[in-house]
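Each of the next two complexes has chain A plus one more chain, namely chain B in the first and chain C in the second.
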Partner chain A sequence: MSPLSQVLLDGIFAGGTYALMAAGMALILGVVKVINLSHGAFFTLGAYVAYALAERGIAHPGAAALLSAAIAFAFGVFLGKSFVNPIRSHPFALPVGTLACALLFEQAAQMVWGPHPLSIETGAPWVGPGGLLIRRWGAIAFLSSAALLAGLKGLLATRPGLPLRLIAEDEEIAGSLGMDVEAIRYLTFGGACAMAAAAGALLSPSGAVTPTMGRAPLILSLVVVIVAGMDSIGAIFLLSIGLGILGNACAYLLSPQWSYVALLAAVSLLLAARPAGIVVLAGRSD
Partner chain B sequence: MLPSFRGGWPAAGIGLLLLFPLSSPDAFFLDVFTTGFLLAAFAASWDVVGGIAGQVTLGHALPFGAAAYACALLTSLAGWPLPLAVAAAILLAAAVGAGVGTLSAPLSGPFVALLTLALGEIAHEAAAGNTFFSGPGGYAWGGEGGIPVALPWQDAPPFASYYVALCFLCLASFAMLRFSRSGAGLILRAVAGSPITAQASGVPIARFKRLAFTVGSAFAGATGAGFAIHVGRATATDLSLELSFQAATFAAVGGRGTIVGPVVAALVLHVLFQGLSLPPAARVLLYALTLMVTLRFFPGGVVGTVREAAWRVRWKNGTGSFRRRGRGRPGEGGS
Partner chain C sequence: MTARFGSLHRLPLVLLIGTAAVFLSTILCVSPGGPALAASLPGTLKIGVLAPLSGPYAAGGTSFVQAATLAVEQANAEGGVSGRRVEIAVGDSQGRVDVAKAEALRLVSREKVSALVGAYLSEETIGVMEVAAAHRTVLIVPVAATAEITDKVRRDHARYRYVFRVGYSLPQWAEMISAFLSDRKVRRYGFVGAGIRWNHELAGTLERMAAAHGITPAYSAFYSAGNPAFDPIAVAAAAASPDIVILGDPGRNSVSFLKRLREVAPALPVLSVGGALGDARLAASIPLSAPVYVQAAAWRGVSPDATAYVERYEQRYGAPPVGYSDTLPYDAVTVLVAAWRTAGSVDSAVVVPVLEFDAFPGVAGTYRFDAAHQARWGAGPGTLHGTFVRWERDGARIVFPPR
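== the complex of A and B ==
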């Protein structure tokens, strides 16, 4: 078994699942027009839900993803309706407020589950051709997020997704057409948080579950939406896979923390090289 | 900025704080206050960048921690005398600030927060994950354990640290207050209010943003060096996102752009939460909750909202109508 192809395969599985989270980030950016720094916290939430389920003998990716998505949707709707919507026009309150929310969750998780890394036992992997290990959760995670993303793409392309696209394009016209812009905003926020939590639940066995584990996926999502924009789900998917491979390679060749540093360096370089940042936000007059 | 701060209240507060150690309190409380003074100076230095210049930084721990590490490394590894090491640490922090300011000057809005957050986290990961020096005696230095500061004295008495920290806080806040009311400070407020208008008036906004980062970071560095000396070592938590976030919390709760407000908020919140001797996780949780509640109900800033309310009360009573004309519309400049 060559370690390189193993790293590649695991990177593809992880990256495909990260794409689910990044697509949620892109939805929030497009519809709510907010950079949500608490997105990583929902990823962590999903991972802890999967851990708690596995501890009770239900180590199933589907169950973990569904339950964590439901929990995250509830919290996301609350957060979107009662916190993000009222403060979204204030350039100071948003980044600091969503970061506060992320730290709040990190500390709460640390108080409940402790600061130590936890791991989830998922049983023996399948052995593929050439001794390649195919982790069952990884494969299920990759396939289900690919299916969910295809579903999202279909939704956005058809009539039920029209309000989302219209609000992303011009919220005033959407409002004048009788759409409840505020409601669609917080529902989208909740849905996007559910996507992040599902990704966290699906990816939880591939690494240690810690209170701050959501930070690296948050930065990864930011890199993805800055580069790929918000319109093309396909571009988000491919770029996430690329970054997943990069992260896995860094973790394999150096040490796990270096994949986080590589992502941080990527976002710093991107912002330094492309000061306009994300197009939709740059157009706003703050 | 607030009329109530113009009176003798700060003097009364300083008097009380000077009197406090004489009431022979517990050494624990003296230590809580000493750390509180340093945190308050740090919050004020955040306010120079994030409040007065409006550059919302989430990586303000970077100059703080850089100075702390420089102070520790220069004294114990290079054997420099302490004053020289502190001066070098402050210069390094200012240079770090100038670099961050140069990078973030073309950015706007949330992207400044994003870039500073990323730079701060890179520094934190580098400091936390690497045991990069082995000091005298063969111990591994760095990593979570940090690097010790070589001090020329042993076991400074708690009340001495208290007075030195209080003195530092007063001098630093006074200097920052003067800076915020100087010509450069006024220009920075204009940049914060509307970069486009400032640019149209011929202000080189990139240079002034860099100036704000440099000055704020220099003060943050002085605080960081002081903190490293007080604690006796520089650790990775000096560079953590939680620390940057705490500064932003103090500023938001106390009122951004006032310097005095963040100082008061930092003292009150720190002494309150630390005095309850909660575990660190609970403390950060309470800070986050406090901040979220503050932002939810005063999204445009505490000072602006309070000032607007004060105007409304005065206007309703019929006493403020004359003065109001000369002072511009209520709520201006608060956020």
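== the complex of A and C ==
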């Protein structure tokens, strides 16, 4: 196994984890048009559900993802209906409000599960061609994010996704056509929360489960969606993978402390070049 | 479209009721496990305990307060101090210097505590030292390890004479690790930790101390806490072929990194400097294909006192202590109460000389302070030397120092 090949492969997997979180964030930003700072809390919720199942002998990522998605969908719809929809017209109220929700959830998680880190067995990696190690959680993240984003792209390209597309384009027209814009918004919010929770459940074996574990994925997913441009699903996936590879390569070739710096520097440069998102670079117009 | 979504209008109401029910049942069923703070009685002595109870360091901070609570209960069971009960007043430092200082000030000026125990992080503790010095209040430092704390006492004894550290300083920590590495016949080690001052200091000191045993670093890496690049570090650490990898991060990142390292180098031994990996529940999720060692101040079986402490802690909180962020605060309170008893007073002017010259038994051994008010830890005779354990399928086994 060449160490550099392994590092680059792991970078693809790391990018998959960014994309997994970014999928739900793109949906919220694109359709509900709000910055949801409680997105990371749903990621954490998913991880705790996976831990609770593993404790009961059900250490299956699929089961954990489904159950956590269902719970998060319920909470998300409730949050969307009772909190997000009424105040979404106030630009500063919502980020602060959703941040407060996230902190509230962290405290609740600390009360229920305790502040101490918890952990689920990772499982041995698979050995691929040339002795390359394929980390289970990495492969799951990559495939799940690809499937989720492809599904989202497919949904938006077909008739069932028409209300979402129309609301994203112009809410007034959607409303005048008889669509229940409010309901579609909070259901979308719930769906995005479900995606975040599924991501947390799938990735929970890769590290430790703690009340604050959702903070870093929140920042990265937000960055990825804003830089990629929230109306291009493909760009979100490719940018995630690119940033994963860049971060890992910098950590290996330069210094681990430079990894995050390089990643954020690349993001800043992209934003400076194209504030509307890199999809515009590919020739699309707003 | 209206018909399609119209029936869903009632869904949020159902969810609201369901969520409220779940939330209320959760709140009613959950016991926070925190300190039982009784109302102050006249004549009660108060100890101000500063630890992060929220934010990323809440795990260590909670253990800290739990152990301090246990120590106070034990002190009261033994008659308190001259017949007066002891209680703790807790300040949540949140892992932030400004908050730690503000909370220390509140504890001293409003809660009227007679002494402080804390804080948790080195940076916080440096800030709290100023409050203790300004108010001439005894401050016992359990876990903050930077050399700056005792350097300040040494340089300006008149101002900082109220500050005593029961925990090990970084040079002492490095000395104990070096002795362990030498015992394990290690020749090359890797060091991985968060890119914070504490880890850089420990790595630098360890390199100098280990060199005296003919042990050299084969690899060292410090990651960004914001987005730790564990995978490339694990690959690079394995490629450097050290005899052992030392994990300098006592928090949850040590668990995440160890999982990644085990994937690429299942036969590479690991030593954690203590903290999260001392938790049996976490250790159970780590493959033990190679040794996982954990350093601790004390462990069950080291002494009758240590075993009694672990059993009391486990009985009270439902899980055994990790041997560091709980054991040292326990001993900090125990030492303070013993000094008060000997002094027959809580007046700092009387207590400080007692702390300077007496010896105080604790869970980790007998504490004596040097001229810089640092408890004597190390690998030599007459010092507190902590312990190193190795996780096995059925629990941890003490492997060093030889018993």
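The criterion applied here is as follows: the second predicted complex is superposed on the first by the 225 of 286 C-alpha atoms of A that agree within 3 Å, B and C clash if a C-alpha of one lies under 4 Å from a C-alpha of the other, contacts with A are read in each partner's own complex, and residues count from 1 in each chain.
Assume contacts are C-beta pairs under 8 Å (C-beta built on N, C-alpha and C of every residue); 3 or more make two chains touch, one makes a residue touch a chain.
Note that the structure is predicted; figures quoted are calculated from it, not measured.
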{"item": "Contact breadth on chain A, by residue count: chain C or chain B", "value": "C"}
{"item": "Which superposed partner A:101 touches (first chain B, second chain C, both, neither)", "value": "first"}
{"item": "Contacts of A:272 with chain B and chain C, given as first, second, both or neither", "value": "first"}
{"item": "Touched partner set for A:163, first chain B, second chain C, both or neither", "value": "second"}
{"item": "Touched partner set for A:206, first chain B, second chain C, both or neither", "value": "second"}
{"item": "Touching partner for A:92 - first (chain B), second (chain C), both, neither", "value": "first"}
{"item": "Intersection of the chain A residues that touch chain B with those that touch chain C", "value": "82, 107-108, 110-111, 115, 219, 255, 257, 260-261"}
{"item": "Contact set on chain A toward chain C in their complex", "value": "3, 6-7, 10-11, 13-14, 74-75, 77-78, 81-82, 106-108, 110-112, 114-122, 124-125, 133, 135, 163, 177-180, 183-184, 186-187, 205-208, 210-213, 216, 219-220, 247-252, 255-257, 259-261, 263"}
{"item": "Contact footprint of chain A on chain B as seen in their complex", "value": "50, 54, 56, 58, 103, 106-111, 113-115, 117-119, 121-122, 125-126, 128-129, 196, 241-242, 245, 248-249, 252, 256, 279, 281-282, 284-285, 287-289, 291-292, 295-296, 299-301, 335"}
{"item": "Chain A to chain B touching residues, read off their complex", "value": "35, 37, 82-83, 86-87, 89-97, 99-101, 103-104, 107-108, 110-111, 115, 215, 219, 222, 255, 257, 260-261, 264-265, 267-268, 271-272, 275, 277, 281-282, 284-286"}
{"item": "Contacting residues of chain C [partner chain A, same complex]", "value": "1-2, 4-6, 8-9, 11-12, 15-16, 18-19, 23, 26-27, 30, 32-33, 53-56, 58-59, 61-63, 195, 221-224, 226-233, 235-236, 238-239, 251-253, 255-256, 259-260, 262-264, 266, 276, 279, 281-282, 285-287, 319"}
